[in-house]
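To keep things clear, I will list the structure first and then write my remarks on it.
So that you can tell them apart, the chains are marked A, B, C and D in the order they are listed, and the count of residues begins at 1 in each.
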Amino acid sequence: PIHSKGWIISPMDSRYRCWETFMIVLVAYSAWIYPFEVAFLDSSPKKEVYIADNIVDLFFGIDIVLTFFVAYIDRTTQSLVRDSKKIAIRYMSTWFLMDVASTIPFEALAYLFTGKIKVSLSYSLLGLLRFWRLRRVKQLFTRLEKDIRLSYFWVRCARLLFVTVFLVHCAGCLYYLLADLYPHEGKTWIGTVNPNFRETSLWIRYISALYWSVTTMTTVGYGDLHAVNTVEMVFIIFYMLFNLGLTAYLIGNMTNLVVEGTRRTMEFRNSVEAASNFVGRNRLPARLKEQILAYMCLRFKAESLNQHQLMEQLPKSICKSICQHLFLPTVEKVYLFKGVSREIRLLLVANMKAEYIPPREDVIMQNEAPDDVYIIVSGEVEIIDCETEKEIVVGSLQSLDMFGEVGALCYRPQSHTFRTKTLSQLLRIKTTALIEAMQTKREENIQILKNLLQHH
Amino acid sequence: PIHSKGWIISPMDSRYRCWETFMIVLVAYSAWIYPFEVAFLDSSPKKEVYIADNIVDLFFGIDIVLTFFVAYIDRTTQSLVRDSKKIAIRYMSTWFLMDVASTIPFEALAYLFTGKIKVSLSYSLLGLLRFWRLRRVKQLFTRLEKDIRLSYFWVRCARLLFVTVFLVHCAGCLYYLLADLYPHEGKTWIGTVNPNFRETSLWIRYISALYWSVTTMTTVGYGDLHAVNTVEMVFIIFYMLFNLGLTAYLIGNMTNLVVEGTRRTMEFRNSVEAASNFVGRNRLPARLKEQILAYMCLRFKAESLNQHQLMEQLPKSICKSICQHLFLPTVEKVYLFKGVSREIRLLLVANMKAEYIPPREDVIMQNEAPDDVYIIVSGEVEIIDCETEKEIVVGSLQSLDMFGEVGALCYRPQSHTFRTKTLSQLLRIKTTALIEAMQTKREENIQILKNLLQHH
Amino acid sequence: PIHSKGWIISPMDSRYRCWETFMIVLVAYSAWIYPFEVAFLDSSPKKEVYIADNIVDLFFGIDIVLTFFVAYIDRTTQSLVRDSKKIAIRYMSTWFLMDVASTIPFEALAYLFTGKIKVSLSYSLLGLLRFWRLRRVKQLFTRLEKDIRLSYFWVRCARLLFVTVFLVHCAGCLYYLLADLYPHEGKTWIGTVNPNFRETSLWIRYISALYWSVTTMTTVGYGDLHAVNTVEMVFIIFYMLFNLGLTAYLIGNMTNLVVEGTRRTMEFRNSVEAASNFVGRNRLPARLKEQILAYMCLRFKAESLNQHQLMEQLPKSICKSICQHLFLPTVEKVYLFKGVSREIRLLLVANMKAEYIPPREDVIMQNEAPDDVYIIVSGEVEIIDCETEKEIVVGSLQSLDMFGEVGALCYRPQSHTFRTKTLSQLLRIKTTALIEAMQTKREENIQILKNLLQHH
Amino acid sequence: PIHSKGWIISPMDSRYRCWETFMIVLVAYSAWIYPFEVAFLDSSPKKEVYIADNIVDLFFGIDIVLTFFVAYIDRTTQSLVRDSKKIAIRYMSTWFLMDVASTIPFEALAYLFTGKIKVSLSYSLLGLLRFWRLRRVKQLFTRLEKDIRLSYFWVRCARLLFVTVFLVHCAGCLYYLLADLYPHEGKTWIGTVNPNFRETSLWIRYISALYWSVTTMTTVGYGDLHAVNTVEMVFIIFYMLFNLGLTAYLIGNMTNLVVEGTRRTMEFRNSVEAASNFVGRNRLPARLKEQILAYMCLRFKAESLNQHQLMEQLPKSICKSICQHLFLPTVEKVYLFKGVSREIRLLLVANMKAEYIPPREDVIMQNEAPDDVYIIVSGEVEIIDCETEKEIVVGSLQSLDMFGEVGALCYRPQSHTFRTKTLSQLLRIKTTALIEAMQTKREENIQILKNLLQHH
């Protein structure tokens, strides 16, 4: 479904993705240049900027045409719609009008009709429609936030930074415009500091406006640049109230990210602290204390290794594929299933579960009922005899060894305790599932029992 | 219960709602004008404002009388009380006194007795009682917050904005009043900047006060307007401490809203990340990886489609109505239930559950016990034969088809695997429930079996 | 255990509580006056303040002696220890030393030895020990926070306000002290604004210091009062860094309170929104929509009425008492248990559960198995016959009526549907529990069956 | 595994830990001195600083060599790798290059080649590599955060304080450097206040820079020191935007800590409030109210005493050790198990559970089935006869007494109610487990029954 067919382009097509990225760069450019143009270049428009604007508008025009040929995903059926008629209807009924309105080059048209490049403020206001294009940036960030290859923390920070910087830029430009339009040059915020500010370089004026804008937005408020006349005061009142909300929004977002980021450490601390309190209250000996705390630490580290929860969410067909991929190579090498048909192996594999067991945990205890059979994928397991008072290690099992099968197939309680020596990955199969699988075909059953007898 | 009867008006009556909305506009006006009047108009009261005030008071008087005729909802029984005596007792014992006190036109009375419009500060303080009316605004916002047609985020923002702007207005007016009352005109916050401030226009003075108020509240603190005498310092100390709390409250609210707003994205990321880690750790092949991730994404999108949780909360009678409305039209068109009485259909429908299944999930697996029977409402399901090593697609089912019924009615294991091809909505009915329903009447049973035989 | 015995006072004794409250007032006074004395009164000590200080110290001395006679609660056994020896050991080994050190009147002692009231800075530093007493204020707030008669929100706000105001006061005093000790009078923060500041009134100097302190703490920073020399800069650097932490702490607390405060509204919105989405997606008719939304709203309001969760946490003996108190008066008036012994009634009551059912919910459905029997405590229940297509209301039950008992005692399926008409409180008893209770004594059984026959 | 073997040092070796701590001190020193050197000492380098720098670099060189001999913990197997080859490969492929690059003494080399101590800015930039060393500080804090001996709150605060102070220091130095490098001495931030600032002492210049830096970072912004030229404005813009993020990060962290810190108090309040509402709504008598609230308070205090949840997380082998340590000494002293073999006692102990029961709770109720047998570890239990209407206390049990065993071993319902008088710790063993343990050996069974008969 990723490749494009005929005239219809798939939205997942990599070339279309490139085009989209390119368009976002243009959006960012046009959103940045527009307030700058209105505030600083209106009195002395530059030809280069004017041409660049029209080229950008051209690209947006192309994009509007292109959208009629891009398939979309239907919400209700979650399938790709390639029917060009449906695409057109959907686009026309949603964003087409606004897209066109934001692309019409009002300045170029004005030039055609009036013959002047410099246009009045009313024309400039029509340029506000260009901010409509910013919804693409919003869509981009929303998509990036759901992309797990990128850190959520940094995508969210980038989003907030973009919003902040853009607003600071707009406020700066607007604030300069107020000073520029004010009749008394000396009674403006910049005029009190720099009486002939209109003569100074563009760079100095822009940086001053930006400097004021950031100083106010971050609530530093040095006071070296401040409102002088009533118009400026009104503007600043609205800007500051807006900033109050924006700052609260930034902090709210950061809090959210911090809470998410430290959640795991918190959980770890809480569980270890509970264990530590338990040890302290009951005055357990040092050896036991160490064992308990070491276990709690490891459990936390290896917690992510147990994925039953995830597997349970997946549909049965996918689970089967995963089990085959993960366990079949191991099962083929285990002595008990030598010479057994692929069919039986698949049956066994479908019923297996992988478990990561921390060191020094008893997997099977002596005299237990033989409910499960285990295959060691990695790690080491000790065989321990606990009949007498003291525990005696009678052997050790390595990768691809099996344990618990003697008890399971001979219907006897487990003869030994099996305890992990290192962090071990084990495959567990229920005794009942093993016996059921064996009984599907007679020859297989005999083969498995033969393997068992030969090995012991 | 929405319509009004006799002299008693229902609180849900749309005309009364209009009246309430109108009253809230008046409340907002009177809360805004009162500090303004005290601070700026005390020296030169305007006749228009004075008349407007008395008209507003008149409306509040009417509202007090009206309240005696408005029914209320009793907390313990959750029913509407229309008894005018009970209404009167409840109102008299709760808010009547304060409502009357806040409505008495002290200034008009003072005028009647003293013959002067300009009243002393002590009279003005009685006007503080008018702030009592603001509880109506609080009630409005509390109600709007529970109204799910409106976004909680924006209602909450509007509430906070209202509080902030109102406090800024009050602080600005009070701050100007301090300067106005101070004996040394030059040693006030506004006097140091503008020596003859009393002569400047009302607009400039008000904006200056508001500008100072917002600058301080947002902690920008340019310093161009600052406390000069001790009285102003004391006022500012309290104002700033109060603002500290208010700012913290604003941020706390925003954090709360942001956490709520990003919760779903977080959950999505966490689940996809867990899946991705699982794939990476187990080095699963690319094909499986894609399948798993696509499944997790879809599951998140379609999650809201499964509504068992909601249905379980509803009482049985409502559930039955919903099932009839949703499933009966479908069941009537399914071949198996052709010619079956409405009674049986209702019985069947009451036991059905709707499920949305993502693509490529095995709904029924070959050789499974026939526990459930499915009807396809929308989407497509493939019939797959897995007997041999390779899976062979032997057919495809469309909307209003059924599957699993052969196994269920013939007591045989399922003959094929049924796998969804697209996102599908299925109606599931337990085999036992189906058979139970069939056995209630003999003719119906025969009819259904006939349908089965004819179809296959 | 609240009353005091012999010489040992109980910590819960109301007179001791008064004493503690009085001590906290003294603590607040001494913590406030100490920095003020050091900064503003060192050059011109006032006799009144000096005497007041010594009286306060006397009270603290009395409190130390008193503590030897106050019982305490042992952490491990949760019981009150009244043994005066144990009390003494505990106090001596914990806070005794610090309490004594913070109470010694160093200034009075210095006066005795040196004969001068004005003491050097080194003596003043010993006064810092008095801040030790502030732990009492902390204990007070910790206790108040756990007192459910007070709003957690306001107690927490009061605590934060106290901390903030106290720190602002300390910082203001210290900042003035720096200016006072600096050799160049003109090169201090207050000296640049007010050259002969040492001559101005105490009130003006204190307010100026406090004004600066609050301006800096709230990060308003007008800049009219700012650091001039290096010593002041160093002090402000530490103060500002500390404030950064404090502000963050205030905001963190407020966020926590806001989240807690809006949790219920959030939950309500989420559940209603889910219901609304469900209705919208499935295009349910308006009648059903209203029913569902009304139900969800009511369920939220009445949610707190169902208290099984709470009852389950309580020990069995308390639960029994509660049931007796709540249900016995009702059970005595129900026709079925007329003339039945108190013993049986107690047995029945112990097995009952109270439930609040919203209107229009089916409590029992026709042809259901008779699992439960219900008694109506309040509200109204309709008897509905659903045999035919249409539902027919055949009767209505009021408070103290019973339903479901015929089915239960005659082992028949329920003959009617019972549906609540208004919000109803019902007592539910399991059929098995009822029959078990009846069979304990033969006469009782007969009496109950007689009652049943007479009634129907 | 903590001690070092041969040439390979264990990372947990206490001497290596000391070395690491020492290195972190050096890191902190070098990170602090580097910006200071570049900004303030470039024009007049001091010999002492120069020598100290080279000694520090020497230590870092030694550390690089040392790292080749330090074992590491492998992520996948969670075991210590001591193979020197593997250690070398791991180090070379990860951080070796950066470590070396950050340690090369560029200034000393420049001196060797050029013969001048004062080096150009380009050389200074290479010093930026030294900031690479700061990752050690990050690792330290990450480790400390997981160390439960330290308060998470304070470790986190220390971490944030370190970051804040370090950034403030860097910004201050950089800001001074800008003024120092600017051609017009008078048109710099420090030059406007102090025209000949290059002649003033190092201390004053550093404190001024730091003062500005903190004033800006905390958003106080007095305005006495502010940007004058465009370069400074650009720097401040970036610094302020960065601070906005940092402040939000600080607040986010603090919120997280506050939420965690008040969670328990919140839970307590919620549960007590629910109980209080329940009492109020049902108008329960005062005696019951007191009992319920006292119980809820105690339950909260003793909640941490019940640790089944923790025990369930531990592996079976550790649980067995804990039970032996905790319960065996008690079981040996109980009359019923006098003269019983250690084997049986171990079996009993493995099946026991410790419970803390608040006062006045019924552990066993009269006529209950004898499911459990209890041993009192501490506290007091009353024997109560409830046959008649009134409850009569017939006895009291102390530590090491047992109850419920007569019912259990004689298969009779419990003859009395057993109610705790004080907070009691009880050991519970299931009747079935007790009987099973008794039946393993005949002699033991007889001995236990003998003990029972002798005692009663």
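One rule holds in what follows: a residue touches a chain if its C-beta (ideal position, glycine included) is under 8 Å from a C-beta of that chain, and two chains touch if they have at least 3 such contacts.
This one's a predicted model, so the numbers in the text were calculated from it and none came from an experiment.
K.L.:
Taking mean CA positions as centres, which chain lies farthest from subunit D?
P.N.:
With centres defined by C-alpha atoms, farthest from subunit D sits B.
K.L.:
Since subunit A and subunit B are copies that touch, just let me know if over half of their interface numbering is common to both, same, or not, different.
P.N.:
Different: when the shared numbers are divided by all numbers used, the fraction is under half.
K.L.:
Mind checking the rotation angle between the two copies, subunit A and subunit D? C-alpha superposition, nearest 5 degrees is fine.
P.N.:
90
K.L.:
Need the CA-centroid distance for the pair subunit C / subunit D, whole Å please.
P.N.:
Averaging C-alpha atoms per chain gives centres 28 Å apart.
K.L.:
As a quick test, compute the distance in whole Å between the mean CA positions of subunit A and subunit C.
P.N.:
39
K.L.:
Among all residues of subunit C, which ones touch two or more of the remaining chains?
P.N.:
219-223, 247, 251, 253, 255-256, 259, in rising order.
K.L.:
Over in the complex, which subunit A residues touch subunit C? Could you list them?
P.N.:
That would be residues 219, 221-223, 251, 255 of subunit A.
K.L.:
Would you pull the subunit B residues touching subunit C in the complex into a rising list?
P.N.:
Within the complex, subunit B contacts subunit C at residues 77-79, 145-146, 148, 152, 216, 219-223, 226-227, 230, 233-234, 236-237, 240-241, 243-245, 247-249, 251-253, 255-256, 259-260, 304-305, 307, 310, 313-318, 321-322, 325-326.
K.L.:
Within the complex, which stretch of subunit A touches subunit D?
P.N.:
The contact residues of subunit A facing subunit D are 157, 161, 164-165, 168, 203-204, 207-208, 210-211, 214-215, 217-224, 247, 250-251, 253-259, 262, 265-266, 268-269, 271-278, 281-282, 284-285, 288, 291-292, 295-296, 298-299, 301-302, 358-362, 365, 378-379, 389, 419, 422-423.
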